[in-house]
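Sharing a structure below in structure tokens format, with a few things to ask.
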Amino acid sequence: MNEILLSSEVIVYLLSEAVLYLLLFIAAIATLGILKGWNFDRFTKRQFDLENRSYLVMSIIFFVLGLKMLLLPYFAYTIDALSLLVPGAMCAAGVIDANDYGSPLLLLKIIILFLSGLWLGINRLDLEEKHYPYMKLKSWFYLLLFVLLSVEMVLDILYFSHIETTNPVSCCSVIFGEIGGNSLPFGLDIPKLLILFYLLYALLVLMLFTGHYLVRIAASLFFAMIAYYSVVYFFGTYIYELPTHRCPFCMLQAEYHYVGYLLWGVLFSGTFLAIESAVMEGIFGRDALKLKKISIGLLTLFVLLCSSYVGLYYLKNGVLL
Amino acid sequence: MIRIEDVGKRFGEGENLFEALKSITLEVEEGECVILSGISGSGKSTLLSLIAALDRPSSGKIVVEGELVSKLPDLHASAYRAKTIGVIFQHFNLIESLSVEENVIVPLINSGLDMPAIRKMAEQSMQRASILHKASQDVASLSGGEKQRCAIARALVHDPKVILCDEPTANLDRENSLRFIETIQKLHQAGKTIVVATHDPLFEALPFESRVIHMADGMIGKHGE
Amino acid sequence: MLSRSPFLYFLTLLLFKQKSKHLGIMSISVVMIALVSAVLFISSSLQKTLQDTLDEQADFTVTRIEAGRPVSTPLAWVDKIIEIEGVSEVAPRIHGRYFYAPGEESFLVVGIDFFDEQGSKALQSLLKGIDLKQFFAEESMIVGEGVKDFLQKHYYKDTFSFKTPRGEFKKVKIDEVLPGSLNLLANDMIIMPIGLAREIFGLKEDEVTDITFNVPNDAEWDNVIGKLHLVDYEIRVVEKREVEKAYENLYNYKGGIFLILYIIALLTLMLILYQRYAMVYSHERKEIGILRAVGWSIRDILKLKFYETLILVISSFVIGTVAAYGYVFVLGAPVLIEIFLGGANLENQVQLIPEVSFGTLGSLFLLYAVPFFAAVLIPSWRVAVIPPKEAMR
């Protein structure tokens, strides 16, 4: 057994994921039963049992989603803690790049959170109706989610068992630095990136009040992406107060008052709610005013938070980086 | 108000199949008081629980206040109970470790009202059921008659349109039974729709207008039969 | 807040009126949480202390080896090492274990040079607040708490007689005792002027135990190692990062073993929980039947059970960790600390320096809360969906 698998954080993380997976597995079996035997027009005891069983499925998903929301930051914390054990890594960026599984795993985790949030939204709609109109839909949707969750579990294990403590990895300054291969997409430079960032924010807020649901979803995703690059390549340097320090992970550390958790949390939840509002209004024809309000609040908070780092730096030092 | 159409209820399967209700059709008008009489096992209690959406029929339809309650998902069935139905059970079914007032507020916890409003409604209901003087006493220490009044207070706290009583006087002495009938009379005068399932002969001759329906073997007999 | 939300009011009402129902689970959980957090607190506190010391340690230590066996190092190497590019703070050291046969114990004797300004930073922090001028004026020593207690037990009140390799006795006065907060490192330590130490270990004037130095630019490290081997073929180089890693792994490993034990205990707790919640008492069943009969939905019941569990989990976690904190950092972790310091020389009374990270607490919480909820979830659902009529029977 290598020392990565023996470190406390990894044991805790993998154990939690495994327990959750066990529950999800039970939910998947229950869902298969529901798909096979569901017929709301029947008066049988079996149908009654299936309805009860659907409550088990939704309890499990609710509970798992809640914990996965805690486990995502914990995952970031774990790999951050591992950077002490992996030579060359100064923060989570190096550890996530320690093998090919890291980055897909992180992306998959975010996607799963988005989809399970959506699932709970559909479930709420289903319960509000008097004949479970979306039972089949949400069951299939869950099975799809379960496949993704299984992939996540496998990637979790592969990722942590394949981190070498002997091979040095790159630190964030190499991965995101000027010398590294990664640079801004679409040939953008910093001023253009920032213009795009604020424009997309304005566009997204506008889109929340129009009926162009697909545009809204696209704008949300695009904004999330540009926001990511803006933070890494511009706003982050003001958080670190160092023009060359470009890293999405270092801001999770105590030196920066864990602001990364807040920043990324606000961005993800704001984007998620914007997408969910589009799905609720566009596909299910529901009113999603509350979702939109919270979404705007979160996105605005995100933009203000980012900008304030620049503003405060300017006030303190009289110059920009 | 309450429309029961061709309702059947079967328990078990194969050899153990037991037909508790066989094709019941019945209509109860708003403000009417209906007494379902019959020996135990005649199906009257099962019929009550179907009206309360505590169980679902195996066939047929039950419509209460325009709502089809025979096939409601749990969330709606419970909302319907919380809004329209007040039930008084034979064994009172109170939570023994709580006080009278705490028992009475139970149906209102998820109503969306705030605590002061709930307390006010509970007080009024306990007043009506003349149990207010015991409000903070634990239910376990109450006498049978007092428990009954506590159960009535709980059944009335959300001001339901329909009141269902399942063998309400089975555990009461004669004096308390008569008191209960007085309460029913008051509720009847207040315009509530009341259905009582009982085999207590006291209900055969009530001092107010009521309809007695005899049940046997899961079927409804003719009036007065 | 409590008086505004009817749900929370009712939840706390049920919890308080039926506390005997939860007492068993609560106490088992609290004990487990307390035990495991105590272990983690001790390990992270020790790790922190060691890390702090290591940070102050020199980057490199070199000694001479003869046939693979460490022997005394020639002082002449100091000049050769100074000449290597990028090297700073070169310091010769004399230290070693002095074995005291009658008591079957050994002390760590460290010699320090009054004029050696750039000497080990670790030692300097040890000697903070001690008047060195007076100390160097006479043949005296500064001892750790463990050494003092041991010597007193063997009737050495103010002085101790060292036996040198030449067979002479050297009487040295005990000048000061190091504060107890340094016990993890300095418990069995004796600090004395370098000349005195040299005499006790029988080293010649031009010999020392080893030589330490720093290389501030870590990109140069491998380069410097190469050059060192050109100084003398009998040289042995120890890097700080090797030592660091060894310690890191040592404590991680000890923590890991406990973690695995804890996981076993946790599985037991899960089983107990599952049993406890699966075996629903009839009055509990009835209670839920009543709630549902008067208009509570399955969802409301599940919500009630969820919050009930949440309160149990959080309160037992808080009680457990606070108890562990008191046990470790106020009482000094009696009994348990022995496991960590087992095999140490001299009886050690380590003072643990409070060191708790959010990460450790977060790990602990997840490790406890996830299985707890998972074990309770399915039994709770089972009770919640029992048809009310059946439940009330």
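To keep things simple, chains are lettered A, B and C as they appear, and every chain counts its residues starting from 1.
Just so we're on the same page, a contact is a pair of C-beta atoms (placed from the backbone, for glycine too) under 8 Å apart; a residue touches a chain by one contact, two chains touch by 3 or more.
Bear in mind the structure is a predicted one, so any value in this text is a computation, not a measurement.
*Asks:* If each protein chain is taken as a node and each touching pair as an edge, is the resulting graph a line, ring, star, complete or other?
*Replies:* Drawn as a graph, the chains make a fully connected set, so complete.
*Asks:* For the interfaces A-B and B-C, which has the higher count of C-beta pairs in contact?
*Replies:* B-C
*Asks:* Nearest chain to the global Cα centroid?
*Replies:* A
*Asks:* Mind checking the centre-to-centre distance between chain A and chain C? Centres are C-alpha means, answer in whole Å.
*Replies:* 35
*Asks:* Where the CA atoms of chain A average out and where those of chain B average out, how many Å apart are those spots?
*Replies:* Each chain reduced to its C-alpha mean, chain A and chain B end up 50 Å apart.
*Asks:* Find the geometric centre of each of chain B and chain C from their Cα atoms only, then give the gap between the two centres in Å, rounded to an integer.
*Replies:* Distance between chain centres: 65 Å.
*Asks:* Mind pulling the residue numbers of chain C that touch at least two other chains?
*Replies:* 298-299
*Asks:* Two-or-more-chain contact residues of chain B, please, as numbers and ranges.
*Replies:* 74-75
*Asks:* For chain A, jot down the residues that touch at least 2 other chains.
*Replies:* Residues 55, 127 of chain A touch two or more partner chains.
*Asks:* Which stretch or stretches of chain A touch chain B in the complex?
*Replies:* Residue list for chain A touching chain B: 40, 43-44, 48, 51, 55, 127-132.
*Asks:* Can you list the chain C residues touching chain B in their complex?
*Replies:* Touch list, chain C to chain B: 3-7, 9-10, 13, 17-18, 283, 286-287, 289-300, 387-389, 392.
*Asks:* What part of chain B is in contact with chain A in the complex they form?
*Replies:* Those residues of chain B that touch chain A are 56-59, 71-76.
*Asks:* Considering the complex alone, what residue numbers of chain A touch chain C?
*Replies:* Checking each residue of chain A against chain C gives 3, 6-9, 11-13, 15-16, 19-20, 22-23, 26, 52, 55-56, 59-60, 63, 67, 70-71, 74, 77, 81, 84-85, 127.
*Asks:* Residues of chain B touching chain C in their complex?
*Replies:* My answer: residues 49, 52, 54-55, 74-75, 77-79, 81-83, 85, 87, 89, 91, 93-98, 102, 105-111, 113-115, 118, 154-155, 158.
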